[in-house]
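Sharing a structure below in structure tokens format, with a few things to ask.
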Amino acid sequence: MKLSKEIHKELYLKMNQTREFEETAARLFVEGKVHGTAHFCIGEEATGVGVCSALEVEDYILQTHRGHNQGIGKNMDINKMMAEFRGKATGYCKGKGGCMHIADFSVGSLGANGVVGGGLPIATGAALKQKYNKEKNITVCFFGDGASNEGAFHESLNLASVWKLPVLFVCTNNLYGMSTPVSKSMNIEDISIRAASYGIKGIALDGNDVVNIYEETLKAKEYILENGPMLMVLNTYRWMGHSKSDAQIYRTKDEVKEWKEKCPIKQHKKFILENKIMTEDELVAIGKQAVEDIEKAVEFAENSPEPRIEDIFDDVYA
Amino acid sequence: MKLSKEIHKELYLKMNQTREFEETAARLFVEGKVHGTAHFCIGEEATGVGVCSALEVEDYILQTHRGHNQGIGKNMDINKMMAEFRGKATGYCKGKGGCMHIADFSVGSLGANGVVGGGLPIATGAALKQKYNKEKNITVCFFGDGASNEGAFHESLNLASVWKLPVLFVCTNNLYGMSTPVSKSMNIEDISIRAASYGIKGIALDGNDVVNIYEETLKAKEYILENGPMLMVLNTYRWMGHSKSDAQIYRTKDEVKEWKEKCPIKQHKKFILENKIMTEDELVAIGKQAVEDIEKAVEFAENSPEPRIEDIFDDVYA
Amino acid sequence: MREITYAQAINEAMSEEMRREKNLIFMGEDIGLYGGAFGVSKGMFEEFGPERILDTPITELAITGCAAGASMTGLRTIVEIMFSDFMTLAMEQLANQAAKNRFQFGGQGSVPMVLRAPGGSGTGAAAQHSQSLEAWVAHVPGLKVVIPSTPADAKGLLKASIRDDNPVVFLEQKLLYRVKGEVPDLDEDFIIPLGKADIKREGKDVTIITYGRMVQRCIKVAEEFAKDGVEIEVVDIRTLVPLDKETLISSAKKTGKVLVVHEACQTGGFGGELVSVVVESDAFFYLDAPVKRLGGLDVPIPYNPGLEALVVPTEEKITAAIKDLL
Amino acid sequence: MREITYAQAINEAMSEEMRREKNLIFMGEDIGLYGGAFGVSKGMFEEFGPERILDTPITELAITGCAAGASMTGLRTIVEIMFSDFMTLAMEQLANQAAKNRFQFGGQGSVPMVLRAPGGSGTGAAAQHSQSLEAWVAHVPGLKVVIPSTPADAKGLLKASIRDDNPVVFLEQKLLYRVKGEVPDLDEDFIIPLGKADIKREGKDVTIITYGRMVQRCIKVAEEFAKDGVEIEVVDIRTLVPLDKETLISSAKKTGKVLVVHEACQTGGFGGELVSVVVESDAFFYLDAPVKRLGGLDVPIPYNPGLEALVVPTEEKITAAIKDLL
């Protein structure tokens, strides 16, 4: 498979937007402009961006609490994302959800989830609807290594398998669930072997190789529409702490440094240059665009109104 | 391994007691002496009897809703079992639990469970206590094929594995969860492969071969005390309906007939006679004893008082 | 009018709605060929086939979330939880996801699903198969909660629940499944809107506010009192959320004496809400006796049939409570 | 007396009990080296080691059941659920198993476990991390339920909970973790028995019955009213189950005016129970105004800090409610 220049551009831009979005978000915390918490995916950009860019609007995704890459990958509006992060009325959820609940049904995102593993059962339902309507689309469910120990993982993969539902289960294994290393939360090394319990296919990929993730997602979609669900494990690493407040005493600086060398953006850049897909200048321009996009989003959010308490009962019931 | 005559006697007696107990219980329903429901394990006697007879008092078991074989296997008092089934004050649970909640802490039964998969998490806790106290005993958790699709299965096996807890997970695969055949509730044929998801050992055995089950349990206990948890799948079949009221339209009479031929009691008898461990007469005598034991239990229960409403608040709190 | 059972009424409601709405599906454990643990869905698999009547593995969390996901994306779903006690396994998807999704996503999407589950004691199934957990779900904004007491209510309210665009928890009463009652003819599109209490018996001396299987019991007691000239009004709230406060309050004002009855354990039960609604309102000034609650004893449901019958409000206890009020 | 935070008080209670009882263990997600999501268990891993302080996978159902199983067989356990919202995943083991085992087994064994979980809003964590679910657990016979409002109460009540032979749900208040208060010296074996309400402020004109983080807020309002000569009594129930009815009732009799305040959504909240306890008693005859409830709005907790602050009882709303009563 050889990806077009357009695709590379898209992937590179989205990864840069994601990183810029999060670095900016982190700064906004420091500036005291946001309350609550956030979970950053810096270092993991290739996972959500690679998978979601390979999807169509009609494919659904279920995002995690660490899902800015997933949302940007699925073409969510960055202004509305930032506004939601700031709790503004113009945000995706009118300021009611915050960054743990960002969703955009219009691009196929059925929402980020604050509950570890919370999206898994929902994904089976979205896929059931696709199957019921004989759509040629799939549902992609993101979740972490930690989530794969929840009962919801087991029940959802089993149900999807029994009903042959078109779900791609994507486990972003970043080696930790909060402070708990995978080695202490499960007794296996390759999470993809769990697929066997459900009689479905499981694969494990380098989670920092956006090109390969993109390609494998295209293949997975085809496979799934034919054969039913599949488990894709993306091995990656989170550079920042688990959430805003995390002293990270559970891992070494060396480990973090090692993984920073495997930076997915840097890797993609190298690939692009080596294969002469774009020039250094072109890439710099994309990087700049990402920065501008986020600046605009910050401004949009800053100038947006707060939600009003008078509207609080809206949306409790349809 | 060659089992002693005593052991064979015990196994044969307990299987006969179980069958007699249940056939009698079924009759008591017809006679209107019991309200509620019951789940019979006729055809599956070898599972609970084989496993539990290989255990010591200090080994714990968690029983299922279909667990008369497990209780009798663990040397529960048949009088108190029958009295509980009749809801009498002399029953194991003073008539408060009924046959879905029979328990005898004094022989190591931590109780039958009305919730499918409900015993699994509890088993990890009992085993944790054993490990904490450096006991040389294990906890055996019974559950069905259907239960292995519950989140509790996944979470409990994973936890037990991570903590290397001394648990033997025993799945009695009787091919159906209520009306739902295994083929429709999971996409695998051998449930024991699910052990791999937790990095633990899994084995599948003929669930109607009481001798082999007994022997394998002894081995499993040794293995577990050394290496941590293990999954043992016992493939068997339930002859009766799921519970009292079941028209059994989901399976064929031929299938039932086929399995009746594999009757665990008949098989054991054949083994005993072929290996000249006991004579036909001896076996008949054991069968008679089983009948008498149950008759006595019926009488005991019949003559026992009902619990009094005045005592209802006892046991809500310790 | 023809008489059918409560179970049949539920079956009819589901079947009729499935006929008119092709996007409606129904899932649960053993609901297909087997017809459901209580036989409620008998015949539906044959009529609607395996694509719309989905037998599931034993996996309450997943099927509840599956229903929510399908409903969020365009289907309408009914999910049956075999005993309401097993909602305990599904509360995450029900309370955190189905109930909150619309709000937390700022109004994007809705979750038109009905979670049906039978509750209550009296079948000898003991502590883990006999609970009445309506108070839990009534405390979760985003959910609606219905408990019908007659076949007609079951049918009309279930049809309304299925057409509702929100997640509705529809709690059936095991002991009513075989009870018969008058239900409008099949060709009528018989709907009872959610949020309307029903005065099942008019009276002027005392108000009983109740729901579910206690309704008939209260009516029976009321009829006994009527012989002595005491006219008890029996108000069946039918839907706990939304609650028809007006009807409760105006009945309380009329009679000045209120007894709240439910099967669920009294402490923390929905009775507290009902009492509060009355005493917080101006009905307070019309009350000439303390409002009384009569709930189940605060114990798990025991197996023994004699005990089991006595831990919930009996006719005797209801009678005594009314006498206290008079 | 020395002052420590609510979080430290909880840490001290656990640590002291672990020192005196070798059979006590503590498990939860990230409670070890990390010290817990809210830092409550900082230092405990270092002191008690990995055999007694058990970091678990993310698996709420299993760890709740694991604690129950260990407690049934001879250990005593504390299990931390990182946010009380995730009790939704554990309700089966908590309500069907831990709460009912003793009863359904006819008194065999007991389940001395404490499930600790922080509840409440105010941290900007939105709908799935901010609930107040005490009403659910208070409705389950077999469980005890505690919600402390001060560091001293947290310490004394947690020690009592750990020594209790029953499953106790100990609901902490996120927003109180960093709040300081006086707590008796370390060498005192400071225990507050479960089931005793505490009059946090005496008064004769109005009674506020409340608990958790609303206690301080109510006291503040009371102090404002005191400036105008209105003396409000603030009763902190502290334990929902068992409930100290006597103290509530006698305060209501004394003042004749009652306001119930809690953060949880009003509908179906524990406030209904509190109102009922008062109006069912002879305090009814002493009331000169309808009992009022002030709970949270019936909405999921919104993310925006402005909205979030306004969906729970504010000082303004409490003040207005008191004025209504006067």
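Letters are used for the chains, namely A, B, C and D, taken in the order the chains are written, and counting of residues starts over at 1 for each.
As a convention for this text, a contact is a pair of C-beta atoms (placed from the backbone, for glycine too) under 8 Å apart; a residue touches a chain by one contact, two chains touch by 3 or more.
Computed from a predicted structure; not experimentally measured.
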Longest centre-to-centre distance from chain B, chain (CA-based): A
Between chain A and chain D, centroid-to-centroid distance (C-alpha), Å: 36
Chain centre separation in whole Å, for chain D relative to chain C (CA means): 30
Geometric centre distance via CA averages, chain C-chain A, whole Å: 40
For chain A, residues contacting two or more additional chains: 93, 95-97, 101, 113-115, 118, 149-152, 155, 158, 162, 184-186, 316
Chain C residues counted as touching two or more neighbouring chains: 57, 59, 61-62, 85-86, 89, 92, 96, 103-104, 126-128, 141-142, 298-300, 302-303
Graph class of chain-chain contacts, one of line, ring, star, complete, other: complete
Complex contacts: residues of chain C adjacent to chain A: 25, 51, 54, 56-57, 59, 61-75, 77, 92-93, 96-97, 101-112, 141-142, 144, 165-166
Chain D contact footprint on chain A (complex, rising order): 34-37, 84, 87-88, 93, 95-98, 100-101, 113-118, 146-147, 149-151, 177-180, 184-186, 249-250, 306-307, 309, 312-313, 316
Parts of chain C lying in touch with chain D, wherever the complex brings them together: 61, 85-86, 88-89, 91-92, 94-96, 99-100, 103-104, 126-128, 133, 135-136, 138-142, 240-241, 243, 264-265, 267-276, 279-282, 284-285, 289-293, 298-300, 302-303
Chain A to chain C touching residues, read off their complex: 60, 91-97, 101, 103-105, 110-111, 113-115, 118, 120-130, 132-133, 151-152, 155-156, 158-159, 162-163, 314-318
Interfacial residue positions of chain C with respect to chain B in the complex: 29-30, 32-34, 37, 55, 57-62, 85-86, 89, 123-129, 297-300, 302-307, 310-311
